[in-house]
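I have a structure here, written as structure tokens, and I will follow up with some questions on it.
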């Protein structure tokens, strides 16, 4: 089964009001080419689940988010994401703010088709008091304690970016961390994967080690979009680092009147080839140094 | 912290009535040197949690098990474990018979300090009707369904065998599958690890790849027992395969009067050095071909 | 009965399955899955150890053949696949009842079994999560038992055991291939139904050797023989001819 | 206040911790953890990315230094460690109240914050699972607020929020190191208590800059200055002198 498609076709399959999970972590290996494609579409009213970075910021800036499920939104070296901040301070979005581990449990529950997972995490904090949708329960085994029942975060669609994939949806992440991308994919009814490199299946046959960096079986991949440098401006370790200058420019735009529109005009409009050209080209991106933490 | 100790000291720390988890899978990478040390001790009334092989069979044969939590007990190429079979058919042991995935969930719940994990697995089967200790619940999110509340399988002690470890408890499993060993270790208050090779910490520094095959942080390892060929007669892929001849001899012993006592006299009594000598020595074991499935 | 005929019949269990993991546990089921994957390369198979492979791995000694690894799937990850529903397993239970409930755990009194077998293994999770088919090499009333199986290891269509919130359509038992015939659950109210008879087998033989009533259509075709291509493929997947000893 | 003094004071948060993951989030906490791990090599640290390392990784550009990887611990595995309790994190919250409840989520009305910050991150899970300490580089009443913090991101000793089945002893907030002093929760009924004053700082300064009453012992010692060895070690862990810009 050849699952390759274009970003615009893949994103064209989304519908208003869907719940979308976005892989990566902060400014790391975010499926930004797919996010930009959402910006180029007219999709809206999304519920977005994300360990958030500029993916969340851009979707906030363009008014696509109805509800955000998050533990943080940050660009790491720019701690506060400017457009997310603006959206929150203007009360533009509904939120479900939860602990990072609760987000993992919600995805894991969805992945294993369980309705919830009980956890102590969240007890005693405003994560419980501020989220009417999160219930506390008692164990049927009578330990005398209350437990947070973290509900399954079932996704209509997951968007993730990987180092490489074959046409059948075998996806490899060689970076030091695959984050929760496997859980996003498994928690979703459909997973749209963008990849820096489209390879032949034989790529994975070189050694059993290559297959170790494949974190879900291909049946969990619904569509493959070949998007070289598709994580830019986030990093795709080991292929390229964070584009610090681009993120600074992006963050600075939030301080200008109509700064977001100017960013869209300069970078989003006109498609991905124009984008790569505007940000310096693939060779430049692949030369961006890997971040040191 | 130097966590190295002897098998007899490590097993000497166990107490009657404890709940013990045993890593590996069927006849694969079982901590058999540690199991033999239990046979040499006078520990009894154990609750044993295992994807069972000869570990369970031997502990049944020697009357150490009060209750067994299992999904199967098998030697793979000898499908029915003879001493487990005998124990069940004589009603010598209590059992909690559950699905393989439920066993994983029980360990995972214990590892994450959750009292249970809800699952559909077990519904409609005798796994639910035969286990009074397993309750069904409803979700607080009102899906109209019943769910099995798989209880946490919290272990007093986990016993696992790994390829190599350093003195501080950094443990590496290079075989194609680490099975659920990480979950056993995390579900336990204390984890006793036997290793084929005791290495210097610098072993793991050669490349980040080496650290990928370390499945839990050293704080989860309580004791390290250097036990070359300590998985024998089970396999420790890639170091050595299953000892088919030994397993045949072991299984045949169950058909003889006093066969178990004869096995103990020949192989268990007298310590591990004698054992290795009796079964052909380390060089022989390391030449056992890897199984082909 | 020709083992190749049964392999060919078993392979059809995965017809129309799309992209799921084809798990054939045992020599005949595994060869059947291999044949099915050859026909439908969207199917997935493992090396029966810890990796998904891009083509079926021949059974027995490898003689230099290197499995075409594509995805790690150790046991801890197997259940992610099982619970996703994207799997169809062909297994060999010891008992099967009219509801399609199967048993590999124990025969006789559960508290003190006459025969203790493997244990339920993954049957409960498989049966509530994804499609399952059965291979029964010895079609007798000892396998197809009257009443319920002694230890219900996998959920079937028994209305008294249907969990709250479930409909029988949530359970998916596909095909039963035996040494006499092929059956499914296409009879009225999910009754077990005769689909085809192996060459030389009569309906009466099936009825006599089944401990409960099954649905018998007016016309029962003969089980299709494997094609010459099928036979060649099966031989290729079984270079050491292990299948001939797999079935009595 | 000398950043090295604060690093030295922070490092003592892990005194007597045995074998736990020492997580120092931010430059000062990380250098403190590095110093603590040097003193107690049983402590564990990461490369702040995805691996546990055998010795602290100097901060900033590596200039050829290769981290001594020993265990993979990507984010999906971090929580296994967190929930095991074998971790002690030193973090820098924006607000802290008298119960030790901390906030890094939002300031002002939660529905429409005056200042939206990061979000709760891992604070809820950290605080219910393992020991936590705080580093506060600007000890003011804006950080140590009267009443409760605006968004309770981590559980503290507030009896009204104590979950069913929990005792205050289940919560473990260890040390608070600020630019003025060191505090803990050793006062009566888990009241915040002054432990030591940094050189030149008075009790009155601390009281004025804290939005609630703290317990003040009769004798308050001066915060111990880092030793010459400490200073050398800190400089080694921070070869690019990043810590001087980390604190205003």
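Some points to look at:
We call the chains A, B, C and D, going by the order they appear; numbering starts again at 1 in every chain.
The rule we apply is simple: a contact is a pair of C-beta atoms (placed from the backbone, for glycine too) under 8 Å apart; a residue touches a chain by one contact, two chains touch by 3 or more.
Every value quoted in this text rests on a predicted model; they were computed, and no experiment measured them.
Looking at chain B and chain D, the chains in contact with each of them are A.
Between chain B and chain C, the centres computed from C-alpha atoms are 29 Å apart.
Separating the CA-averaged centres of chain A and chain C is a span of 39 Å. Along chain B, residues 112-113, 120, 143, 145, 176, 208, 212 each make contact with two or more other chains.
Within chain D, residues 51, 79, 83, 129 each touch two or more of the remaining chains. If you sketch which chains touch which, the pattern fits none of the simple shapes: not an open path, not a single ring, not a star, and not all-to-all. Chain pairs that touch one another: A-B, A-C, A-D, B-C, B-D. Chain A makes touch with chain B in their complex at residues 112-120, 135, 137, 139-141, 143, 145, 147, 149, 151, 176, 208-209, 212.
Of all the residues in chain D, the ones that touch chain A in their complex are 47-51, 60-62, 74-76, 79, 82-83, 101, 105-106, 110-125, 127-129, 151-156, 158, 161-166, 171.
Note for the complex: chain A touches chain D at residues 25, 51-52, 70-74, 79-80, 84-85, 88-91, 97-102, 104, 120-127, 129-130, 143-146, 176-180, 182-183, 292-293. Against chain D, the residues of chain B that register as touching in their complex are 1, 111-113, 168, 170, 186, 201, 204-205, 207-208, 210-212, 214, 216-220. Residues 19-21, 42, 44, 51-52, 54, 66, 68-73, 79-81, 83-86, 129 of chain C are the ones touching chain A in the complex.
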